[in-house]
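So that you can tell them apart, the chains are marked A, B, C, D, E and F in the order they are listed, and the count of residues begins at 1 in each.
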Amino acid sequence: MTLLSIILLPLAGALLPLFTERFGRTLCAYSAAFGPLCALGILLGSASSVFSGHTEHVFFAWLPEIGLNLSLRLDGLGLMFALLIVGIGLLVVLYARYYLSERDSLGKLYALLQLFMMAMLGIVLSNNLLLMIVFWEITSLVSFLLIGYWSHQSDARKGARMALAVTGAGGLCFLAGALLIERIAGSFELDAIFAAAEQIKAHANYPVILVLVLLGAFTKSAQFPFQFWLPHAMSAPTPVSAYLHSATMVKAGVFLLARMHPALAGTDGWFYLVTFTGMATLLFGAYNALFKHDLKGLLAYSTISHLGLITMLLGFSTDLAVVAAIFHIINHATFKASLFMAAGIIDHETGTRDMRKINGMWKYMPHTALLAMVAALAMAGVPLLNGFLSKEMFFSEALHLESMGMFSWIFPLMATLAGIFSVAYSVRFIHDVFFNGEPIDLPKYPPHEPPRYMVVPVEILVGLCLLVGILPNLTIAPFLEAASRAVLGHEMPDYHIAIWHGFNLPLIMSFVALAGGLLMYKQRSGLFAFYERKFRHDEKILFESRVQFSVRVAQMFTDFIQNNSLQRYMALLIGSAVVAIGYALLPNMQWMGPLSVTELEPVSLLAAIILAVGALGTVLLHHNRFAALLLMSVVGLVVSLIFVRYSAPDLALTQISVEVVTIVLLMLALYFLPQMTPNESGAKRVGRDILLASAAGLGMGLITFAMLTTPYETISDFYLANSVSGGGGANVVNVILVDFRGFDTLGEITVLAIAAVGIYAMLNGLHLPLPQADGDGRLWDKEPHPPILSVMARILLPLAILVSVFIFLRGHNAPGGGFIAGLVTSVALILQYVASGTVWMQQRLRWRYRRVAVSGVLIAVLTGVGSWFFGYPFLTSTFGHFYIPLIGEIELASAMAFDTGVYITVVGATLLILAHLGKLAQTTHSPRPSTSTSFTEAELSKGEN
Amino acid sequence: MTSFARKKVFPHKLLSLFMLGVWLVMSNSLGFGQWLLGGFLAWAIPFFTQSFWPQSMVMNKPWLAIRFLLLVLWDIVVANAQVAVLIMGPRQKLQPAFMRIPLELKQDFTITLLANTISLTPGTVSVDLQMNEGYLLVHGLHVTDVDATIAEIKSRYERPLKEIFECSNP
Amino acid sequence: MEILISVVIALLTSCGVYLLLRGRTFPIILGLTLLTYAVNVFIFMSGRLNPGASTIIGVGERYTDPLPQALVLTAIVISFAMTAFVLVLALRARAELGNDHVDGRNSVEEVKS
Amino acid sequence: MLQSVIQLTMFIIALALALNLWRLCIGPSLPDRILALDTMYINAIALLVVFGMHEQKTLYFEGALLIAVMGFVGTVALSKYLLRGDIIE
Amino acid sequence: MNHLIIAPVLIPLVTGILLLLGTGRPPRVQRAISFISISAQLVAAIYLLSVAAGGDMLVYALGNWAPPFGIVLVLDRLSALMVTITASLAFFSLWYAVRDNDKPTDSLHSVVHFLLMGINGAFLTGDLFNLFVFFEVLLIASYTLLLHGGGAARIKSGLHYVLLNLVGSSLFLIAAALLYGLTGTLNMADMAVKVAATSPEQAPLMKAAALILLVVFGLKAAMVPLYFWLPRAYAAAAAPVAAMFCIMTKIGIYAIIRMYSLVFGDEAGVVANVATPWLWPLALITLALGATGALAARELRLQIAYLVIVSVGTMLAGVAMHSTAALSATLYYLMHSTWVCAALFLLADIIMRQRGATSDRIITGPRVKQPVVLGTLFFIGSAAVIGMPPLSGFLGKVMLMRSTVTDEQTFWLWFLLLASSLIMVTALSRSGSTIFWRTESRTTKASKTDKLALSAVMALFATSLVLSFAASPVVQYTNALAEQIMQPSIYIDAVLNHQTIEGVHHD
Amino acid sequence: MSFLLEVIISLFLLLGALFALVGSLGLTRLQDFFMRLHGPTKATTLGVGGMIIGSIIYFSAGDNALSMHELLIALFLFITAPVSAHIVGKAALHRQIACEERTRNIPWQQNGDD
């Protein structure tokens, strides 16, 4: 539990500064320090137990189903890292209090820093690999915000994005690796993974796992060739750099190497990959650091170099190399953090980080200069400072390595070379900044010492450098031992940290490095010229341009496949269906089922020919829209005759009614549309469409034929058997509609009602130009309502309603029903609209059709709900036969009420649609000018074409 | 046009009677229940749709009406045969013509009946009605004498119609 | 007859699909209607060909499968609602886009796709 | 005998329908096409009536009635379109 | 008899009707009705979820007609979960809409309820044709919603959406009719039994039906090559509508899960798992193309729409793997992506409104009025949708990745999931940093977004957190759900052995 | 059903069918629209009437009960056919569809003279 609080304290602490910010910066800083301080106390409290070899565990199930648990461990490695994270974190909090200007939100920075701290602590304390990845990715995310803290700067934004992309990508690889490990080890828990180390290494997937995990580690730790994001992350405020890029974020990668060492190390793959990556990084970083004019740039490349060194050591994998690696992690964190802070102070006081301008600071800020120089010497590996000790160990391990046989000399050689560069850039840092004459063109002049407390963190860190450098065994040894034990998994080898090991080869290498470094710095001008000529490329620009390029490619590709053309999408949809049918039918298809075909009837053949002519005519004449409409009506007519032929009078009735209403609808719409369809498809296009259409037709024809000749057994016998006895109606189709499958019908009338509502909404505020003439330019007839038509229409109205009542009442036992009756009523009323006009109708029929339509649905619902009161499910019907004197027996069925709902919905919806469409011209006539439409006056006067 | 504001209980008795007949024919039954139901509908539908019928029809001479109906039916049947012959015969011999028939009728309804009658009887179709100018435009398929045909139409169809429907309110 | 019906459905489908692939709203709606016919007949045919049968109890001796008929009825109503909707939408598109091309284009050139 | 007469009648009507379709296709004018369609509706009614006799069922009466109503409304609407463009005004 | 199972269908239906009948009442009253209703739906859904969690299947025979003759509603863990997700999503969308989006016309609320009716009906029904009907209900409502507010962009993309879906509906009908023509039944449980007994001669036809259905559901689910219409349509929709639409693709996913486990699943004899060979590659291509689109998007809402596509690809891949673990992961991911994408659409709307004429284009523009709040929300939302820990997307992805079995599955799914994550990181960090960081110094005249609307977004993101930190019970549920789905016999037995109430349907 | 009845029905049917065919033939072969208008308006309507009478007899005789409801179809047709003809004719008139030259009193030509 205490272990958990180590993580939770900074998390809770993250919120605190946001609230306290308004009460002043100091209080804000205190509140920010509170959480880490407590965590530090807890950590130190458990140190002794860890030193004694005890590993503390905490386990809470989070998502045990996938092996993700809030499982923490505090071993030596974790403790050491946690102390670094919390300790340096606290110093950064103090430092940032003075660093950040009044303009910037201190609370936000503290909040993010603590969030980051929490994530880092999570990484180092996780006992569950998946949990570690959770924290791992959080560090990537939060570092994005921290690097982009000064979001108004383009560099900050780009640097943040780059860091996120690179470390995020690495995290994803790590995730994949972790998942593969889990497949072998059966668990994400580290203990289980360590226990399964041999299996993992022996597994066929081991190389993949290794590469994936290493990719995670290398990207995070800025190893070559992924190092490029780190220098650009320097756009972050210096406290952030001091924290993330010395002690924490970049250390997460090497921590991972250390953490996974027991599970993955000890193979050739590990050795070569890790060692050579580290070596490349070491040299690359050291070399480049020398030539950076930016203070933080120098430090960044130096960091890369040192991370390479640590990686290389971990690659060696020998016991002492591991010890050295861990030792150097600590040392680097202390001197680099202090250097970043010092750089920040200089930047803060001079207003620039350009070393070509900053000269002679020794004079202006001697205190800071002294501290920075000591730290820089530690970086250079000068004796009596901590950097010297771990570097000595590195040289020693490099010398002792014999894995490469006769080529093993390469390690000490490269190590020394890197050492030379390292000394050179350290010297450059000292000389260029603190001496080297007078400053040039400083934005702030004269610089002076920073506020007292801003230097305190640097003092503490430099003090630690000295302390460890002089008294390693009293200070660092127990931590180192505990941490190394955790990495190696066994007791420490016999080793001795001492300042003086005698005059041995490593010492000679150190001296070579020192002397060589000094020499190199002396000869720097030539080198600088060489470097400027050769290495002028900026990774940021390169990275950005690559991203830009991929975005452009993505855009081109997306625009290419999604050209926003319905014609293509439609072709794809239909094509997909054709492929589906073809794929299913073409292989080993028997075109015909076992049933034999019935005889061809001449009348049907003739009807089919009529239908074919109608359909083909619709297509051929489709440029002349009105004519196409007429031909399509023929198709509708023949289809209803087909329904009649094959014993479906209800369908025929419905088809013919819907057909007419649809035609009226189409004409209402056609009035506002061009009368002709322009010929805009080329021959190739037409050919493709014909091909697709034929394929679709062929597919449909084939499945129709196959289906028709295949026998089937149906549930329909039940309907035939129960229609009268159970549903109270002889018309089985109608009983299905209102009873057996009444729920479908409820949905269907709901669709109708919603369509009406939607159409109403769409017509609202719709303004279209009114064509003053027909397609041939002929002005319209002057007479809107021919009197003969009006008179006859009125005579037909009561008759039609009579017919609709007849059809409605008979529906349950003979062809008919609510829907058809509704359509007949609607058509009769529409006829009145056509014959006598909207105004005339509005005076006589004041229904609000939208309400009528939904009322119908409501009636149907209420009918269904009624059955609840008798304890039956929704829509359970009932009916009874009643004997009434003189009249005889009559039948009353609840389904009738349901059908009434259908009737009302149909009338309401149909009339709403047609009447409102009809009114469109009137609303368009209204005095409001056509500002809401995009038509020009010219087009209006010209009419349609 | 505001006559529909006040509702009459039996707005159109003739129509109601007609509808009852239609109902009985339609339901193919003369059972008491159908009489009752048909009667109800024959009352209810005109009652609820009376606003759609601006003026109510008054038939003055029912017997004349029946005679006229029979006459028209006879004309339809007999003359249809003539048209059939005309249609099947040599096309070039047909003498089509448009005829303007000046109208004495005043009411929409009667004019409509006249126009329909003309259309139903063979050889002529009324294709336009100009109320303002007071004529009905009729197309004849085979008209040897335009004026004679106009006169015949007026005497044979317009006059009886006028007598049946329009005498009381000239 | 099965072959004839299959040919009819195939033809209706082909014609419908061809029109569906046009660029203007009106022909597309015509195509949709033709396709709907094809589909409705197809649903109907899932009850197989039963000339001379009936779905009214007490009428005739043989009965045909009533269920597909009920399904077609539902399908007809729904496609009616949809057709009405898409027609009004076509008008709306005509107003908002300035022409009746489905992609809001008014060029006479070949529309590349 | 009656059945063959009915068959023959149906065939004749179907022939008439085909003739109507011919007119519908060739036009030449739109009123011609409307007229042809209207005639098709009427012939379809005839077909339905005779078909009812063929099947010895009275089930098709409503269908025929409805075609009569709908055919009329359709023709009126189509013609009105030619006259005024706006069929409901 | 538990009538509550029909509540998710009837409550919204009646609400929609009442709202329409009450047009002209003050918006306050309308909203109150709408809210009471959606709350009731949420309560009912949660109740049903708790019932289903126990493992009992509820079967509700409409009209008291025994299956397979009548239509049944079936409540299993899957349908209960889907209904609950829908209700919650609608709750937040309406919550957001209350601000001012519902003013222009008075039918928005009612149509949303109709949409809910359709969606819930589709989830609950156990009848194939009834599924079609509910699809149509939800589609027609969605058409109306998509066009809500008008404007050229909406109308154009809406036209595409509508026309394609109309053809899709035709295909659905063809498939349903074909299935009926072969099996003689529409009840899905009964159909499963009949399909299992398909003879080899009938197999091609049965396969054709199954694959046409896949096209239909693929269109709904936005599977490649049928999704091209989606991004622009979603991007153009009004914000609460776009948020609501986040469930729309899931309906397709649901239907695929249902049909290809129950009817065309392991036990379907000669047509067993007929869709799987198609589903897998198409899912992966969808995933890849979605990520590409997200990178390419020039507008924020379009980008989010592509993220929806990415999630579709991810889920379809999970479905295609056809295992308990994969299915469980898919459903967990489904919850996550529904809520998070919805929240992102709402957030994009807020951002857009505060940027004035720059709208949601990913270019330098004026500063938003509330950079901290919106930026934080955008950051969280992006992390969630990419699948960054500790948010729900991460867990969903890990679960999916863990559920791969073969090397081929592992390679492709992992590669594409991780690559798409990286692409999304790049894409969203670009858009986020451009919108929030690379700003002009001015702000627009737009007012600050009110707390209510913001709180809706926050609440939706909070669900991602809850989903993540309380993942265990959720995953237990989805595991149980997946087990239930993988054993279709449970469903079949429950439906076909359902007893109707005696004593009715007799004269 | 008696043979005589069958003959009567057959006569009505054939007569009706013949009329219908003639009407359609007229529509096909006459030279201009207004002439074509005559065929279907009358002949076809009458043809349907004939068949309906045949049907009435057929069903009344078959079921031994008067089956008159087909009459309603005829009624509807007789009410609507002239109106259809009128409105189509009106449309043709409006569009001034080309007439045979020998047609007398072509309205729009007269109007041109006026």
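Following the convention adopted for this analysis, contacts are C-beta pairs under 8 Å (C-beta built on N, C-alpha and C of every residue); 3 or more make two chains touch, one makes a residue touch a chain.
Everything numeric here is computed off the predicted structure, so don't read it as measured data.
Chain E has its Cα centroid nearest to the centroid of all protein Cα atoms in the structure. Look at the CA centroids: the one farthest from the centroid of subunit E belongs to B.
Counting C-beta pairs in contact, the pair that comes out ahead of the other among D-F and C-E is D-F. Between the CA-based centres of subunit A and subunit E the separation comes to 17 Å, rounded to the whole angstrom. With centres defined as mean CA coordinates, subunit E is found 48 Å away from subunit D.
We define each chain's centre as the mean of its Cα atoms; on that basis subunit A and subunit F are separated by 70 Å.
One simple way to say how far apart two chains are is to compare their mean CA positions; for subunit B and subunit E this gives 62 Å.
For subunit C, the set of residues that touch two or more other chains comprises 20, 25, 42, 45-48, 52, 54, 56, 59, 67, 74, 78, 81-82, 85, 89-90, 92, 96-97, 102-103.
Residue numbers of subunit E whose C-beta contacts span two or more other chains: 129, 133, 136, 140, 143, 147, 150, 159-160, 163, 167, 174, 178, 180-181, 186. Touching of two or more other chains is recorded for residues 15, 17, 30, 34, 36, 58-59, 65, 69, 71-72, 76, 80, 82-83 of subunit D. By the touch criterion given at the top, residues 19, 22-23, 25-26, 29-32, 34-35, 37-39, 41-43, 45-46, 66-69, 71-72, 75, 78-79, 81-83, 85-86, 89-90, 92-93, 99-100, 102-107 of subunit F touch subunit B in their complex.
For subunit C in complex with subunit E, the touching residues are 20, 25, 28, 32, 35-36, 39, 42-43, 45-48, 67-68, 71, 74-75, 78-79, 81-82, 85-86, 89-90, 92-93, 96-97, 102-104.
By the touch criterion stated above, subunit B contacts subunit A in their complex at residues 1, 4, 15, 19, 22-23, 26-27, 31-33, 36, 41, 45-46, 49, 51-53, 108-109, 111-112, 115-116, 126, 129, 131. The residues of subunit E lying in touch with subunit C in their complex are 129, 133, 136, 140, 143, 147, 150-152, 155-156, 158-160, 162-163, 166-167, 169-170, 173-174, 176-178, 180-181, 186.
Across the complex, subunit D is touched by residues 1, 6, 9-10, 13-14, 16-18, 20-21, 23-25, 27-28, 33, 36-37, 39-40, 44-45, 47-48, 51-52, 54-55, 58-59, 62, 67, 69-70, 72-73, 76-77, 80-81, 83-84, 87-92, 94-95, 97-98 of subunit F.
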